[in-house]
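Let me begin by handing over the structure; questions about it come next.
The letters A, B and C name the chains in turn, as written, and every chain counts its residues from 1.
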Amino acid sequence: MANKGWDEFDAGAILFSFNDKVDNIATTLAEDRPYSPSNSFTASVGDWRIEKPIFNKDYCIDCQFCWIYCPDVSIIARDKKMIGIDFDHCKGCGICVEVCPTNPKSLLMFDEHKDDDECLAGWPEKDEKEK
Amino acid sequence: MSEIKKIKNLKEFSTSADRFEGANLLCPGCAHSIIVREVLNATNDDLVLAASTGCLEVCTAVYPYTSWDASWIHIGFENSSTAVAGAEAMYNALKRKGRLPQPDRTPKFVAFAGDGASYDIGFQWISGCFERGHDMMYVVLDNEVYANTGGQRSSSTPVGSSTTTAPAGRVSYGEKKEKKDMMSIMAAHHAPYVAQVAPNKWKDMVKKIQRGFNTVGPVFINAVSPCTTEWKFDPADTMMLTDLSTDSLVFPLYEIIDNKELNITYRPKNVVPVIDYLGAQGRFKHLFKPENKHILDGWQKRVDDNWDYLQRREEARV
Amino acid sequence: MADKMDLLDVEVWDGNMAASQAMRQAQIDVVAAYPITPSTPVVENYAGFLANGYIDGEFVMVESEHAAMSGCIGAAAAGGRVATATSSQGFDLMVETLYQASGMRLPIILNVVNRALAAPLNVNGDHSDMYLGRDSGWIQFNAYNAQDAYDLNLIAFRVAEDHKVRLPAMIHQDGFMTSHTAEGVLTLSDDDAYNFIGDYKPMNAMLDFEKPATYGVQTEEDWHFEHKARQHNDLMTKVNPVIQEVFDAFEKETGRKFDFVTNHNLDDADVAIVAMGTTVDTAMLVADQLREEGKKVGVLGLRVIRPFPFEKLAAALSNVKAVCCMDRSAPGGTVGMLYNEICGAMYNSANHPVITGYVYGLGGRDMTVEYLKGIFADGEANAAAGKPTTPLQQFIGVRGPKLNFL
């Protein structure tokens, strides 16, 4: 959001989450919300990451542990399925990987700059010891 | 809309539309936002939120961004309780006078605050709100330290923790005082519902939050919030630390109803030694020197004694 | 629905009752309050109205003044009419939240029954608490008597809640001298008073779930200055036109005329006393007596302390040769606020009167007719000499060797 002059914003430094009126936000998913430019949803902290989580849906059982324990609302779950990661909001903490119960894990951390396909190509095999 | 949201399992829970947004400025791996998400997602009712000064507040409303999809207010360090109580009073007035913008809604009033804001500087405000009986929920994000300002001790800081204002040193093992027992103090206000929660035990937590939302009057929730920065552990290990906190019984999960009935809500199958919990955190590192063994022993004894006490209370139904 | 109260055209009220009655007539949605001498009766009277069915808003008796203003802020942000009252140490305790109320642009009405500040502890009236609040970004109205306290409450709600303003406002009255002194007060009927104020018009209400609002954000070096500048701009440019509008409307409604400054015989005066609170009324009495002796003296009462009415004040003092500024607060190592502000207002005006300052009345010490005569005499000597004939700062009414500075 561009830095505005003193005469260009709402008095009282009040921020509004949405551009338009919302009816029942608790049942409106992100893609259907009229986010305002002041909503941090529209911002990115992607550049905080040193490592990124990569999702391998071949092993995912949709347990949703990653969804509930993600501190940054960055696990995208729709219709009870894990469908991906929101890399604008993921800070790369690695909690999702730690709580992933599958073997091999369905989420692993990789260097931020490593190519996604390369990450998936080198996915580890099932670890017998981990069981 | 005031019916309780159905959350049978995690799959069903994952259909929630979060009202807390990413690109907030909390540390990677911060448990605060996990707790906030579980609280907010426990209901589909409208929310009026307040936050005391602290990590959550300074990281979620830094102009020109807000991370809140519900109305939210921050006044000061000590008064999120009273801020939301004021809003609740306005709700009651406008309801009576027929001037609510959406009269059919059943909003919930929630204040979030850290342990410093709650156990220390905001204690009087919370006490006042609970004595007056506002219909609100007060959630402590208990990371046992003033994390926002760089790790100073609070009255929630436990014995032996090294903080910047009670550091471990050549002649000190760090914090000397025991953690304040806020659960008992708040229950003693005859609050209708007081509960300790941990975000790893999400089902227990959501059940308690829903019970809290369904309770008329002030509800106190103490949520353990492992702090990667001040407890000094890897951000990826937040849930592991939370597991250790509940399974070592350092943070027993229980509820007190009307200051009359105490229920333990989680009994670990395998209780973990307290040293496993302490050893996973840099803030207790110095306790593992030989000269501090008595502090470690004291820790285990204190946790055991507290667990015995809670069990006796539960059994006696008091 | 609250019961209406039948008022006589003239009621015998003290300043506290005048304020409470105006608050009742405003049909406030939330009052969060805490008692403190000498404003306690405002809260007690209001509680009595509630207990007898005259109030249908919420009345929250909190555990401290800080909590009182905190609750008021939460309630005001939620979206409705809010007011409270306090004094002295309670005002001190509120200070943190005063800045937050104005910074969030919440139109809260605060009756401040002025009292000294400890230490040493003192329950009586002076203006120390009022002075403490003068940089807080609130509008500050000044009552000289119980009638003013009533009228200015009605005026303050309408000004503060105007969407062009949206700032909190204080109504100051002198502890005990006004707050506990019964006077005849001309009243408005409940309907007329409420209609004068008008319905509360919500703006950015937290309880509007169709438009969630975030209040109380953090702004650092990249935004803070702009927000403070905006607030100051609105205080300097937007508030006074609305105050003028409401003063005019009030005069039309009641015949009682208010202005930013009270000009009492200043147009042909050589000497002016500038004062606030009850001292304005006393000084006018003294000035009238001196006029009968042929002395060209007048009084300027400061009705609106913030925003400070620089131009109106300079215009009212444009013909005087000497100004005596009456500060009822210990300035703590400098000149008094009024002395300072008036020098500031006059320095670049066409008229350059001799300006001297007086510190008086601390902790409830009386400002007597004799003292005021002496001060007018100082002013006359200054006017005749065209320069100060006394030190610039004198303490009036204090025991011991005469205390002068500068």
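Everything below uses one rule, namely that contacts are C-beta pairs under 8 Å (C-beta built on N, C-alpha and C of every residue); 3 or more make two chains touch, one makes a residue touch a chain.
What you see is a predicted model, and the numbers here were worked out from it, not measured in a lab.
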Innermost chain, taking as reference the mean of every protein Cα atom displayed: B
Farthest-lying chain, centroid of Cα atoms versus that of subunit B: C
Where subunit A and subunit C are represented by their mean Cα positions, the distance between them in whole Å: 53
Centre-of-Cα separation between subunit B and subunit A, whole angstrom: 24
Inter-chain centre distance, subunit B versus subunit C - centres from mean C-alpha coordinates, in Å: 43
Residues of subunit A engaged with two or more neighbouring chains: 9, 13, 15, 17-18, 25, 38
Contacts with two or more other chains, residues of subunit B listed in rising order: 46, 61, 63-64, 66, 68-70
Multi-partner residues of subunit C (at least 2 other chains): 209-210, 212-215, 217, 219, 223, 227
For the subunit A and subunit C complex, residues of the former touching the latter: 3-7, 9-18, 21-23, 25, 38
Contact set on subunit B toward subunit A in their complex: 1, 10-34, 37-38, 43-46, 60-61, 63-70, 199-200, 202, 228, 234-240
List of subunit C residues in touch with subunit A within their complex: 103-106, 166, 204, 209-215, 217, 219, 222-223, 225-227, 229-231, 233-234
Subunit B - residues contacting subunit C, complex: 46, 48, 50, 57-58, 61-64, 66, 68-76, 78-79, 82-87, 89-94, 96-97, 99-102, 105, 107, 124-125, 127-128, 131-132
Residues of subunit A touching subunit B in the complex: 1, 9, 13, 15, 17-18, 24-30, 33, 37-45, 48, 62-65, 67-74, 77-80, 82, 86, 88-95, 97-99, 109
